[in-house]
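Right after this note come the structures.
In the two assemblies presented below, chain A is common to both, partnered first by chain B and then by chain C.
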Partner chain A sequence: MTGVAALRASAMSDPAARGRATSLVLGLVVLWPLLVIAEFKPAAIFEAQNLKTMAGFLAAFLPPETGQEFLVYLGRATLETLAIATAGIVLAFALAMPLALLTTRVLSVAEIGPGPGRRRAQALHYLLRAVLTVLRGIPELVWALVFVRVFGLGPAAGVLALALTYGGMLAKVYAEILESGDTRPARAILEAGGSRLQALLYGLLPGTAQELTSYTVYRWECAVRASVVMGFVGAGGLGQLMDQAMKMLNGGEASTILLTFLALVLAADALSGFLRRQVGEAGTGGRRSGIGSVGVLLGLAGAAAAAISFVYLGIGFGALLTLESLRSIGDFTASFFPPDLSPQWLSRVGYGVIETLAISAVGTLLAVVGGVVLALPASGRYGLAAEQFARFFLNTLRSVPELVWATLTALSVGLGPFAGVLALALHTTGVLGRLFAEALQNAPPQPRDALRDAGAQPAAAFLYGTLPEVAPQWLAYALYRWEMNIRMAAILGFVGAGGLGQLLYFELSLFHYAQACTVIVAMLLLSIAVDAASAGARRRLA
Partner chain B sequence: MSFNIENASLTHANGFVALSGITLSAAAGERVAIIGPSGAGKTTLLRLLGAALRPTTGGLSLLGRDPWALPVGELRSLRARIGVVHQAPPLPQRQRVVTAVLAGRLGQWPLWKSIASLLYPLDIAGARAVLARLDLGDRLFDRCDRISGGQLQRVGLARVLYQQPDLMLADEPVSALDPSLARQTVRTLIADAEARGATLVASLHAVDLALAEFARIVGIKDGRIAFDLPAAEVSEVLLRDLYASECAGAAELPTLANEPRFAAHVVDAGPVTQGARCR
Partner chain C sequence: MNHTLRRLALKGAFVCALASFLVPSLIGSAAAQENVLRVSAIPDEAPTELQRKFAPLGKYLEKETGMKVSFVPVSDYAAVVESLATKKLDLAWLGGFTFVQAKIRTNGTAIPIIQREEDAKFTSKFVTADPNIKSYVDLKGKTFAFGSPSSTSGHLMPRFFLQQAGIAADKDFRNVAFSGAHDATVAFVAAGKADAGVLNASVWDKLVEAKKVDTDKVRVFATTPPYFDYNWTVRGDLDPALVKKLTEAFLKLDSKNPEHAEIMQLQRASKFIPTKRENYDGIEKAAQSAGLLK
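What follows is the complex of A and B.
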């Protein structure tokens, strides 16, 4: 035993106590200003005036609007939402494929040797990676908000916004997937004089096609959820209808639209799960053709869905690409530069960043509490009835997008960051509750059972036997959701829930493009910083 | 009477008969070793005594009470007086040794104390004292996934020593320890039971250890009691008969010296590996 260990072992006090106390104090010291900045005032929910507005609105939810004229509108908007998501993914794929091909290191001939033109290839590589970072670092809703000003209200802005952000995401993840597997076959083809595309088709795709397809389908599911809210900035679909209903305080219509949201999100969930299972089972070998008949059928169905989507939306891409419209796009883009970098504006944007962080942190914290409270019954600890009810409740919470929650909470507690906090908390509770419950069900039961057999109360057995097993997982989930919530908090302001989004929305509606540009750059930097921080944290935890 | 089992049988949900017609009792302060081939029902018998499994038929009384006739609260306080040393210590990976040991008294502590002790261990001296008796005093603040399998098994033992139960049940408590440490550890258990007048029932794989340290030996085979005798009266013939099917034709009985050990988690081996134990 070393001297230090002996000293430590003979200590009659807990050596970890000082560290714990310090983190507790530090946590409180950081939390307090966060609560102040996020304008955390739970009492606002229960103010008589607010309760009355909310109660009146919610009372109108029943019965949901079922007028024939409205249902026709609703049907059209639903189809439009699906078409926006599908067309957006198709364009994103078209954008991502060449970008992924060019940014995948293992497909670069110049890397071999290193061969001639390596320097140029590397410069191109870094340039393209930077382009990807910008594309996916700016949220799709911000692109949509900007595009609405160029292409007018309607689905075109939504489709293009999805294409850019999702194109950036797909390209990055495609490149990661391509580089994660066995890269020697691709290398061998390049060394045998094959081209980049040949190396991809014969060297990398056989090993990664399933994962690539599966991820694309998953992204389509995300795109459906994203296009549901696209309408809040005027880019078509269900969101636009919801926005109108909220502004008119039409509870009946709002409840019908919300129910449609739920159905649509759950259906997209189920369809995407089904497709991904099909992909997982496909390609088990023994066939003469490269893909089986099911694969061909699904591929044809996908292509048909894409074609129908473009026809249904009827976006005149030809008209968008005329010289005249290109010039107006150029003029519009130029009006954003140079960004406003005056100290006054920078300090306001800086406060916006801090407010965004505060909203996301407090919202996630509340969601952790809510998630734990609901995960306990949802894991089946209190019987089947409680489990089913808790699961239904969690599904409802997470099926409603954050932005929709924000329109409701803004009505309840007024515009401002606290509405954003509540919106994030509600949606994230649904997500975390489900994940927490899964972790509880997967935790080994022996430690808990042993304590119960030794006469411990159920609560004590949980604290000493189960909590230590699930706590690291819970923490990882919470941090991951916090990361996503920082991005989300940046755009919740579009419906008046504080943060950078509110600043951007305001400046854009005043045609202050230079100021808006600064905010967009701030969002981009925030996103990059969060990316880097989470990558660093993951490396340390691993 | 510390416990009394009368003609108890236990059939698992899958139809497997683990115990049949068991009648066994022990006076307070008695020390009993249970031996027998793997799969004979030793663990099931101990779980029956720990009120963790309910007999399918037959009567059971533990510390003077019938556990399955008690209301929830009283069953809990009865269980708090019974301590179980598990073969694979059921300790959370990331829990600290001190917390794992203190958890032994959760059945006696009120809830507020259990919660407070998670924030700051409330009885560091007590935990250290029991760990010191097992040569582990210096691992007090280590995490359970940072210590060896043998040390982890002794942490499980320390938890039960800290619990100070009236009925102590040990299921292969030294299976992950080397011979001399195994002997020393079993003596620590016996000394603790002796000092407090507690009853000790331990299942052991090493026949020589059981015969040397325990006054009363119960042999179990195929879910039935084969013999129940003072250690001095257990003959070589009886032992050969007990392990007959396991070591068909083999000369050696499982002892401290020839048993495969140093496996951190010797979980119920099952019939497949039975032959492997015989060499």
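What follows is the complex of A and C.
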């Protein structure tokens, strides 16, 4: 071979080929067992028999059920869902405020320097932070499932479940927000001998109130979605109706409930956006005028909504605090301990963890593929019509919660892990597609244009001009969603989609609380591990 | 001015928050004292359907007991049991297995008072769409659908009778699914999602009557021996006078009486008969040997 030919050959071949091939092979080696565990059998979707069942069920969606009796139930359930979300957030706020106050490091005199109570204060901080981790590490659906047993049927369980999970979440984020701002005023107040509360009110709140309010309102919006889903375990509201309609294959009722749900989520979205904009304006324009009249009005409206929610749900918190009910809560909690740590049970739970991981990983991968495919038209590359259609499609995918998708996919491919994979993939495609499209639109056009001007094909211009710009962002989004999907996969089992949720549901149904406790602990450890891993991964990406 | 306004707003918000805590708790505890009979049922059918079916019976019980009757719809079997045990319910429509669970969780105090004549000799049907499945042994290595894990006729008794026939549900099936409800099990078998499944005979008959199942495709290949199923149970510390009133009210129901006919038809009952705890000892033993009770 002449030197020139060799040079040309090496110029034509991809210098990174070797590395890429290795990672491709490695990827396949890792992916293969995941696919097996997740029972990935796409052919099942297209089997004539399954298509027919699915088509029959979907055909029954039309016309939506509009019987008056049903609409009355539906109306009541919708109000209940809203009230659960609102009351839950109010309680979560009440729980989060003191916890945030106690765990924010910049509000602690002991953290400033060595003093007599420093060790003790730090130990207390770690303890409280651990409590927060437990509160938000256990999914709200699990709390709801447990509370339904203790507090009886209906919305009380949902409200308390939201209060605990969201209380833990709010407290953590409040503390982060409070620590991220300018902390010097707070420190000055503390050093001048001011109290913790004074340092918060006059040192930290003025700078962070806007962000805190905004985040709280955003969480309320999330709570509306979550309170729908909690109905699946008997905690009242729309979810309970939806669960039954789906199980009984009542298409007409299912479609009316689904439409109501979509309208509710869109309305909550819009209201939350409006409120956050109001808060934003108050922050920029109105700092000198204090809270401002709009703020006072909104605050009063919020307080009224909260009061109405509690009255509407008629939860007897007084009755919860009687000696007798406290004892029954105590007995109930005690029956969970000690957890079953026998080798057989641990190995089953261990397999459940692996199954949960496999479901989430395969579901997220499928969603990445689907997201890229839909993001291209949604970013406007193929004209306005394609863009509008793709966006509408993505919004629909995204608006239906994973649990609802799972009841549908279980119908089409049968109960089991694969139904969970598809449910995660469908919802996540909606989320990732939109984020991917935004990243595409924000990518600088120069590299691509330069390649096109140099005569490159559109595909090559995309691969070498645009893709490198957006890839890191896409990867970050995908990792973040994977993290959320692991948590979600743990509970999809409640509707029969495999993993830890199915184990938990089965054991709780049979009152095998020691076994259920092991599963809950496994969910908690998984959530903590994922938290730590993703924080590490993001630090490396950043 | 601004400070006073801000302080006022803060105070107002604080008072509102406090009020939103205290007011409902006062209202709530007051409501619990009222003269209300709280009734629920295990969700073997849609809650809307259960509520509709219960409405005339509820009115009848209101008249007979002189109490307000409120029906609490549920979607979780176990929640009904736990609510009875924690005295959140007074009267509940339970299955045989859920009754045994309730008995255990109330330390033996829950009292079954009444059942339909049909419940004393209840059966389950094994169904399949696979022509090669003709008996229990053919089920080895197949996928199988039960109803809810807490169901007597959709899970416990079939599992027990399979075990008697030498089939261990956890080992011998390729995959076990819980469809959640009896009619869902039929849908799974009809669509070939599960090779075979099992459901309560009464729901099967109802589906066949209503032509909701294609009997050319899905057929019954085995029927279990009879066992005791559903009953109406009260919590053990309910006023004995009230328990007596309730029992008599059910026993008085007569399908020949036109006023009662609607109630009986909705409950799918020809006659209500008294029942006792001992009737369910067989179910308890079955649950123990099937490993569902620990």
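Heads up, the rule we're going with is that the second predicted complex is superposed on the first by the 516 of 542 C-alpha atoms of A that agree within 3 Å, B and C clash if a C-alpha of one lies under 4 Å from a C-alpha of the other, contacts with A are read in each partner's own complex, and residues count from 1 in each chain.
The rule is simple: a contact is a pair of C-beta atoms (placed from the backbone, for glycine too) under 8 Å apart; a residue touches a chain by one contact, two chains touch by 3 or more.
Values in this document were obtained by computation on a predicted structure and should not be read as measured data.
Counting the residues of chain A that each partner touches, chain B and chain C differ, and the larger count belongs to C.
Once chain A of one complex is fitted onto chain A of the other, the partner contacts of A:315 are limited to chain C, with no touch recorded for chain B. In the superposition on chain A, A:463 makes contact with chain B only, while chain C stays out of contact range. Contact with neither chain B nor chain C is seen for A:517 once the two complexes are overlaid on the shared chain.
Of the two partner chains, neither chain B nor chain C is touched by A:439.
Look at A:506: by the touch rule set out above, it reaches chain C but stays clear of chain B. The part of chain A that touches chain B in the complex is made up of residues 1, 5-6, 8-9, 12-17, 20, 446-447, 449-457, 459-461, 463-466, 468-469, 471-472.
Every residue of chain A that touches chain C in the complex is listed here, in rising order: 47, 49-50, 52-53, 69-70, 73, 90, 94, 145, 148-154, 231-234, 240-241, 243-245, 247-250, 253, 288-291, 295-296, 299-300, 303-304, 306-307, 310-311, 313-319, 325, 328, 411, 413-416, 496, 505-506, 508-512.
Listing the residues of chain C that touch chain A in their complex gives 2-3, 5-6, 9, 12-13, 16-17, 19-21, 23-29, 31-32, 40, 43, 45-49, 51-52, 72-83, 86, 88-89, 101, 104-105, 143, 145, 148-150, 175, 177-181, 183-184, 187-188, 190-194, 292-294.
Of all residues in chain B, only 50-52, 76-84, 86, 88, 90-96, 98-99, 103-104, 106-109, 111, 114-115, 118-121, 124-125, 128, 137-138, 140-141, 163, 165 touch chain A in the complex they form.
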